[in-house]
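Heads up, the next two complexes both have subunit A, just with different partners, subunit B and then subunit C.
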Partner chain A sequence: MEDTAKKFLEAFQEALEVEGKVIKFEDKFREYEEWNSLARLSLIAMLDEHFGVQIQTADFDKLQTVGELFQAVQTKV
Partner chain B sequence: MAHLQFENIGIAGLSACVPANTVENLKYTQYFPQEAVQDIVEKTGIRQRRFAPPGMCASDLCFSAATKLLDEMQINREDIDLLIFISQTPDYRMPATSVNLQQRLGLPKTTAAFDINLGCSAFVYGLSVAYSFMQQPNIRKVLVLDGETRSKVYHPKDRQVAFLFGDAGVAALIEKDDKYGSSFFSLNSDGSRESLIKIDAGGYRNPSSIETVTEKVVDEHGNIRTDENGYMNGPDVFNFVIQEIPQDIKRLYEFSQKAPEEIDYFVFHQANRYMNAYLTKKLKLDITKTPTCLEFFGNTSSVSIPLTIVTQLKNSFESKKQLLLSGFGVGMSWASAIITLDNCNICDLIEI
Partner chain C sequence: MFNITNKNIVITGGSSGIGRQIAIDCCKMGAKVLIVGRDTNRLSDTKNTILSSGGYICTIEADLTSSESIELVTEQAISEFGHVDGIVHAAGISTTLPFRSISQSKFDNFIYTNVFSAIFLTKNLLKKGNFDDNGGSIIFFTSVMAHLGESGKTIYGLTKGALLAASKSLAIEYAPRKIRFNCISPGVVQTPMVMKQDYAQSEENLSKIRALHPMGIGKPEDISPAVIFLLSDSSSWITGTELVIDGGYSAR
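So, the complex of A and B:
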C-alpha cells in the first residue's frame, strides 16, 4: 500500500479511537460504533494536523466511505 | 488591513461578575442520556456553567462588576468620558443598554455611551475602540462593559449547544500611562460564513411570529429548537478557527515585531477544551501560558477572555506582563491583540 494511504488509515483509526478491527477503505465510517459528533471534531483535528486540509460540512456530508474521505483529502493536499 | 497600534494606553483595572446559580453539566441530563452527557463533558472540558435566572440581564452582571471596580479603585465617576457596552444579549432592542448603564452607574451626562454588537471577538474589538478614543486629549478614562447571558439564547434540547454556554459580565477601566508602551491589534471579519453561528428570527429580516417561537425538530439527530434560538455548526466553526486564528496571530507577530517568546500569557476565547487544546498545539504554545476557565464557566462568548484573566491570573500582574488575546466566533468575526498589563487592579470575582 502507498505510504500516504497507510498513514491516512493509521491516523483515521487513532482519531476515532477505533479498537479491535482493521479499517478498510470500503468501510462506511458513519456506521462505526465510535462515530458521533465528537469523533467528527477529532477527525477535523487529524486532517489539519497530518494533511493540512479542512473539509467543510457541505462537502463532508456527501462522503460515505473511508476511501471517499481519503480521495477528498488527496484532492486538497 | 485592520492592524492598529496604540501608545501608552492600558487596562488599569478589571472586575467580573457571574450569576450564583450554578449548573452542573453532569447533572444536566433531563433531555439526554447520562452516558452521552459524560462524553460531551469529557471532550469539551466544561463541568459547570452559571445561568442567570429570569429577570437577570447581562447589564446587571456588568453593573455589579463596574460598581465594585470603580469603588475599589476609588475612581471619580466624573472622569469617565466614554462607556462602551458589548453584548449580543442587551436589555432591549432599543434604547442601547449602554445609555441605561450611564444612568445606573451615576456617570455624568457628558459621558459618551454606545453599544457594540459582536460575539466572541468583541472584547478585543471593544478594547480597540476604547484605545482609539483614548488617543483624544479630552477622553480621560473609558469604561468597557462586556456581558452575555447566552444561557437564554440556546435551547436545552439542542445537543450541539446545550452543554457549552454560560453567563458572565465584566468591567474594564482603560487609562493613559507611559508604563503601557505599545499595543497592537488585528481585526477581521468574514460574512460569507454568517450561518455558522446564528439566530435566524426575531430581528427585522425574519420578525417574531407564532411560528418563530414554536419548537421543532431541526436535524436527523432529533435536536429541537425554535427559530429564535441560536444554533451552531460546530465542525465548520472548528475548521474556521484552525484555519484563520493561527494566520491572524502570525500576522500580528509580524506587525508588532514581537516573538512568541516575549508573550507571558496567551488568553484565547474559551470555546471548548478540545478546540482550545488543538489551537494551543498547532501554535506550539506552552500550556502553562494558556490559562483557561472553561471547566467552571463554559463558553461565555465575548466575556470569556477577561473572565479568564480575572479568575486565573489575578495575582500575576505585580510586574509588567505581555498578553496576547485572541477572540473568534459568530459573524464570523475574529480579533487578536498584544497588550501590556502592569499592576492591573483585578477585583475578586462577584457572584449575584
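So, the complex of A and C:
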C-alpha cells in the first residue's frame, strides 16, 4: 500500500508537472494552477501507463481529490 | 466515369469507419475487395453487409504490426485475386496525448500501427508478380495533422507526416511501373475511432471540434468517392499528391 501510494504520487506529480509542492491526498487537483485540458489527458494516460487503469471519462470527471483518484486506482488495479 | 470494375483492391482497416465505407462503395462499383481488420465480428458484419447487396468480398483477420501477419495477408490476396490492382491503407489509430505523456511503448505502438503496417504490406504486395503489370494505385490515409498542429497531436501527426513523406518518394520510384502513390488527408470524420476519443465524450468538446470545420464534421461517405477516383484509371496521371478532405478545416 505504502509503495503503491509513493509510486502513485510520483507519477501524479510527473503527469501534472507539479514542481516545488508537496502533494497531499486531500488536495483538490482540479484547483492546481497546473490544471488544464492537457494535464487532464496526461493524468488519464498516466493511470493507464503506470497502473493499467483505464478509467471512463464520466467516472474520471467525478473525482475531485488526489485521494479519490488514488482510491480509484486501488480498486481497479 | 470513375470505373473500378473488376479491380482487385486490398483495404486495411476495412471493417470499420472510413475503411468500411470504402469497402462497401468499392464493391458497389464492381471491384473485388479483400478487407483486413483486427475484429472478427466487425469483419463478418461488413462482409455480410456487402454480400447482401451482391458484392465480391473476402476478409482476413490480421494485426498488421507483425511481419508474419503481413505475409499471411499478402498470401491471401494473391491466392484470392492472382494479382492486386490497388491498396487502400485506412487502418490506423489516433490519440490526443500531451508530449510529456509519450512513452517509448506508446511511440512504438503508433509507429508500428500507423506506419510500419502500411509500408511493409505495400512492400510485400509490390513484389514482382503480385501487382498488375499495367500498374495500379496505392492510397495512404494521412491526416490534416500531417500539416497542421494541435496540442496533444504530436505522436499521431508524426506518423501521418511519415506516410505523406514516404508517398512522395514511392511515387517517383514506382512511376516506371505505373504504380501511383497518393494520400488522402481527412479532417475529423465521425467514425467509431473518433467517437472513442476523449474530445468526443462531451457535447461541449464536440462543439469545439465542429466549429473548427466550417462545413461540420465529416462522414465516411464524404471520403469514399475520392478514394474511388484515385483507384480508378481516371486518375492515371495523378501520383505523389494528396487530397485534403476536411470540410474547410485547413482553409483558415
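Methods note: the second predicted complex is superposed on the first by the 76 of 77 C-alpha atoms of A that agree within 3 Å, B and C clash if a C-alpha of one lies under 4 Å from a C-alpha of the other, contacts with A are read in each partner's own complex, and residues count from 1 in each chain.
The definition used in the following text is that contacts are C-beta pairs under 8 Å (C-beta built on N, C-alpha and C of every residue); 3 or more make two chains touch, one makes a residue touch a chain.
Fair warning: this is a prediction, and the values are worked out from it, not measured in the lab.
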Taking the superposition as given, does A:L9 touch the first partner, subunit B, the second, subunit C, both, or neither? neither
A:E17 in the overlay: touching subunit B, subunit C, both, or neither? Say first, second, both or neither. second
Regarding the shared-chain residue A:Q54, is it in contact with subunit B (first), subunit C (second), both, or neither? first
Once the structures are superposed on A, label A:L38 by its partner contacts, choosing first (subunit B), second (subunit C), both or neither. both
Using the superposition on chain A described above, determine whether A:V66 touches subunit B (first), subunit C (second), both, or neither. neither
Which parts of subunit A are touched by subunit B and by subunit C alike? 37-38, 41-42, 44-45, 49, 57
List of subunit C residues in touch with subunit A within their complex: 96-98, 100-101, 103, 105-106, 151-152, 198, 201-202
Within the complex, subunit C is touched by subunit A residues 14-15, 17, 37-39, 41-42, 44-46, 49, 57-58
Under the definition above, what is the set of subunit B residues touching subunit A in their complex? 39-40, 43, 159-160, 221, 233-236, 238-239, 242-243, 274-275, 278, 281-282
Note: in the complex, subunit A contacts subunit B through residues 36-38, 40-42, 44-45, 48-49, 54-57, 60
